[in-house]
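Chain nomenclature is as follows: A, B, C and D, assigned in order of appearance, with residue numbering initiated at 1 for each chain independently.
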Amino acid sequence: MKNTFGNSISITLFGESHGAQIGAVLDGLAPGIAIDEEFIRAQLDKRRPVGKIGTARHEADAYQIVSGVFEGKTTGTPLTILIPNTAQHSKDYAATRSLARPGHADYTAYAKYHGYEDYRGGGHFSGRITAALVAAGAIVISALREKGIEIGTHIRSCGGVADIDFGDVKADIARLNTLDFAVLDEEKGDEMKAKIEAAAMDGDSVGGVLETAVIGMPAGVGEPWFDTVEGVLSHALFSVPAVKGVEFGDAFAMVNGRGSAYNDHYYISDKEIKTATNHNGGVNGGITNGMPIVFRCAVKPTPSIFKAQNTVDFIKGENSVLELKGRHDPAVIHRARVVVDSVTALVLADLLAQRYGTDWLA
Amino acid sequence: MKNTFGNSISITLFGESHGAQIGAVLDGLAPGIAIDEEFIRAQLDKRRPVGKIGTARHEADAYQIVSGVFEGKTTGTPLTILIPNTAQHSKDYAATRSLARPGHADYTAYAKYHGYEDYRGGGHFSGRITAALVAAGAIVISALREKGIEIGTHIRSCGGVADIDFGDVKADIARLNTLDFAVLDEEKGDEMKAKIEAAAMDGDSVGGVLETAVIGMPAGVGEPWFDTVEGVLSHALFSVPAVKGVEFGDAFAMVNGRGSAYNDHYYISDKEIKTATNHNGGVNGGITNGMPIVFRCAVKPTPSIFKAQNTVDFIKGENSVLELKGRHDPAVIHRARVVVDSVTALVLADLLAQRYGTDWLA
Amino acid sequence: MKNTFGNSISITLFGESHGAQIGAVLDGLAPGIAIDEEFIRAQLDKRRPVGKIGTARHEADAYQIVSGVFEGKTTGTPLTILIPNTAQHSKDYAATRSLARPGHADYTAYAKYHGYEDYRGGGHFSGRITAALVAAGAIVISALREKGIEIGTHIRSCGGVADIDFGDVKADIARLNTLDFAVLDEEKGDEMKAKIEAAAMDGDSVGGVLETAVIGMPAGVGEPWFDTVEGVLSHALFSVPAVKGVEFGDAFAMVNGRGSAYNDHYYISDKEIKTATNHNGGVNGGITNGMPIVFRCAVKPTPSIFKAQNTVDFIKGENSVLELKGRHDPAVIHRARVVVDSVTALVLADLLAQRYGTDWLA
Amino acid sequence: MKNTFGNSISITLFGESHGAQIGAVLDGLAPGIAIDEEFIRAQLDKRRPVGKIGTARHEADAYQIVSGVFEGKTTGTPLTILIPNTAQHSKDYAATRSLARPGHADYTAYAKYHGYEDYRGGGHFSGRITAALVAAGAIVISALREKGIEIGTHIRSCGGVADIDFGDVKADIARLNTLDFAVLDEEKGDEMKAKIEAAAMDGDSVGGVLETAVIGMPAGVGEPWFDTVEGVLSHALFSVPAVKGVEFGDAFAMVNGRGSAYNDHYYISDKEIKTATNHNGGVNGGITNGMPIVFRCAVKPTPSIFKAQNTVDFIKGENSVLELKGRHDPAVIHRARVVVDSVTALVLADLLAQRYGTDWLA
């Protein structure tokens, strides 16, 4: 189904970096969900490059909802968001059209689309498409919040600097969602920014780890095989540009330990079943257990760097050297964070709709 | 779609640990694929517990193909594999029916299925279901091999012991596929087994990391959004019991480095486009680049341990203590490896069929 | 997705006429639905050939549920039904393997499956597969009945003889479901049977029209585009062997009239919104309006006849003449009726689950 | 999946009659398909109301392709078509917002969307949405034509007047595709127009039957169960507004005949396998047999009429009388024809892509 994702609630993405418009169609939403334009705007702003550590491309992200909303509320029919592209410098790309940027999709796009792909600025592969994902996600995030489900992501590490752990998850989520550069410890955040700026100075880039927590999910959502919470979330999360790894709970930390150290013991507190630890990240057997869902995404260093790199001209079929020009981010992790939140909201809303029906969300 | 996965080639899983039969329906296979019964048998044997480090349950795994094969070849219509359950000790489970085994799905199953779930031996959540997945996967692995696509997995680490890296990937894959305990360095394998046995002695368990390589995949397979190679593979891989993390290439290692260190430079060799390194694991922008696909699965320590554990009785709603009896593996990683190979084959065959059509595989 | 149908509740069909077993996997059912074995048995009996107007093949249809049911109730995990084939006369078919039976799928199967198809008795195309569909449908029919939704089908016409119209729909459905040869007017039924027998005497066959009514469906189920009630139902109904046309309400009768004659006027009765007529068959804009859903399936005359017919040998590539032997029905319409009911139940349960969630059915 | 249809090639529809824009996203198209803007324009013109028998609403249908096309050819990534709404008279509808127009979806929309639906001009249910379907379909029709697959539809009957039968199908299709009012016999067409005008004079409306033929489809496309050619086509065809019945070949005519009269005998001509008759409409066992695919759609009389009609106010819950004002078609069949062609192209392209891969179409 390619650029469409979801069963009961689905999203379809379209657009290219230098095309006329990018956008998304969000289908299966319950009717009657209030559209909070200010919040959509705020989320888009979190995704946009800002200050010294962002790119030089400034898109207004003047999104427009052209269907599926009537008198400020969802109608229940497909909701379409359009975002015009206005700040393209297409010429930057023509000269290097057939040089495969290392770490980018130029060559794989060519292999798949036989040279018919819109190569300008990454075309359909561009991170710019995530603006549509973020606008769509904002609507679902609002709706889930009304149901007591809240999502927050912090930069767990960046450029080798680690943030502190989640503490009071509810409070942490609330605070993270007010921040542009989402860290739990602002000092650590400043150190990260310094690392990003240092990389930028060198014409280089950095990556990091995003850690997301979701509270308020009822126990019993997800499926035992294939449509496990982990499986469906990771399926979508790997569409967040630069994400190359996804782990739930303490996955890659647990591998060297023993079961006795990592089994999450259950206990009853105020008639609620909880676990004393959360090494499994809120999911057992593919199904939510009522604890916070916690996962981490590995975000590789941005592949666009300004150093000379060996590569090939895939049309001429010869070795070449590439020196990138144009606008590029030395880091995307602080921007990717709101994309992760959006994807998470879309996936969880869909899993909830499978069990409780599409009307449930309103 | 729950227990069905795949678009052009799909698999449907069914069965419970202590039910009459488990099985799988494999649909969308090209007609004319030869069934190699001996290879299916061999793959099932790799999944079965063996020797000191396995459980005490010995299933014959006498699978039967009841549809979709005629005169030794696939017909192109749904291929159904049945495996009868014969060695159940159902009574082992009745006594602890409402005690949530930490790290297991008992409580989440109860939350989802309202108490109607077949709780015996993990029911539909049981690792036993993977026998059907392995039998189905074996058919696809054979078919892919005829197309030059080969899959191999080794135990990258277990119990804190690390195996060596892939070297000559083609030769390594060939050799791994002859082994029951799949490591590249047999001495490391012996150390791992010692760790597993030591954990077993303590009534405890260990986990590890599986690393998989696939060679022969053409460049240009996969989709830019959602149905990325990473997304679809991880979606299915999280159904392998105990897998809690999936990373492609050097994902979690790259996060602390810079782009200049991790961009894979392209070069031409014998008119073929290759990359000098493979930090991206053979996938850029969600699409294969012709290099080996490499990914790692974090396998948590087996949750079934014999130590007393605090937990709850979720029917009575009170705290309790659980002491497990019955047959349990101190490690599943050496068995999970063949499940990973099977899942990988199914996913890749489906992605190939999307681009080249369902007839392509024969 | 080929042999799998449904979104929230899905069915996967497998098997060949002369294979070891046929069957179905039913997924997405709510946990806790009681399995009424007697009713499944009764439904299977309605599908089986009986008396003078049936074929000579007598299958016991000894179905077995091998997964998804525990202590007499659905678990919520995939429910698998197996039916062994026991009465095959495979030799009947080998001699005419490459002669395309007119009206049958022999040649199209060959074109699709390149000669690897199991050709015996129609293979996977055989009407025999509908036994699995009927057994699965019976479970859903029972569950829907508990929710006040009832389905009934009568033979609207057969061999040129017309049955009377539905009158008191609720009472008619109840009575139809007790009959083996489902007509509202038994005298018309006897005339139909005489037509079938007369055709059988001539080595020929007859067709007819099935008319189905469903009561108790709430208003507001279905989708405006693509997943219209009509679209999803017809999608599945065309899998009922020999069905070549599907109409809702008075479709093919309305085409020559005017809007003023066929618009169904709304009125209020006891605070319920109803329509004075039901020319639209209970569906407007793809969505149920609360009136009975009424549709008709055109069932073509059974293609298996004993007269000599011109055809081709599609392997030799030459013209030929076919004289069928073996066991064949002079009519299938009286048997197809229970298949239509089953398909209808599966589709409606899925549409309901989309809106109300999968838990709703229990 | 609601407003998205198709597996390998899919379409997503969005928009409301009086919203900002309607549109479609077409995904899975092969890269390199030439976009024939003139043909898209011509197809949209066929859908638009013209002359005396059309509505008074004149939309420019100034479509815009905002993604998925680069330098005049498809890129292989999602192709998005937008059509702005410009000629809305929204006030026409506010006064009768809660009066259920008989034969329309007002009440069912209310039941499904709880009153949040955009009720103006039918909202998302409006026939206006088919403009996007037609624009998308035009692209696929062009691409199929390059592959030798051609689609043509004529008005088989309208207002009680019957057109003549298909003769030389290839020539007939070619000629039909040049006509605005598609009939094989122009005199019959004039009679039909007279019937439409007469109905318009009376404030009434008429319906009819559309008959479609497709040539050039290879044998062996489609699936035996569920995704039969008939099933998938009908699924989509019931989304064409006012279609209430779909039959393949001579379905509803065959029901009263015998098998010997309706079995299509095979013969060989110039090494090609053909059938002497085509009562099955080119499909056996759900799979194409290489003969023309022929089907008919029953189009009910347009429900919008100007006569006073009894109905209910579904918000107040009381009986009422409705007298429609605004712009309404006395017939839609001559416009629906191009929608049917579009839907047919989309479905067949998808079925072909399933077997031959998505690259095949270019």
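Rule of thumb we're sticking to: a contact is a pair of C-beta atoms (placed from the backbone, for glycine too) under 8 Å apart; a residue touches a chain by one contact, two chains touch by 3 or more.
Source: prediction; values computed, not measured.
Comparing chain pairs A-B and B-D by the number of C-beta pairs in contact, the larger count belongs to A-B. Ranked by distance of CA centroids from subunit A, the top chain is C.
One inter-chain figure worth recording: subunit B and subunit D are separated by 45 Å, centre to centre, where each centre is the mean of the chain's CA atoms.
Per-chain CA centroids place subunit B at a distance of 38 Å from subunit C. Between subunit A and subunit B the centroid-to-centroid distance comes to 26 Å (mean Cα coordinates, whole Å). Of all residues in subunit B, those touching 2 or more other chains are 1-4, 7, 13, 77, 112, 124, 224, 355, listed in ascending order. On the side of subunit D, the complex with subunit A involves touching residues 1-4, 7, 10, 12-16, 19-23, 25, 27-28, 31-32, 64, 66-68, 70, 73-80, 82, 112-118, 123-124, 362.
Those residues of subunit A that touch subunit B in the complex are listed here as 1-5, 7, 13, 100, 102-105, 107-109, 111-112, 124-125, 129, 157, 159-160, 199, 202, 204-209, 218-228, 230-232, 234-239, 243-252, 254-268, 271, 273, 275-276, 279-281, 283-290, 298-305, 307, 309-312, 314, 317-319, 355.
Against subunit B, in their complex, subunit D makes its touches with residues 7-8, 77, 224, 353-360.
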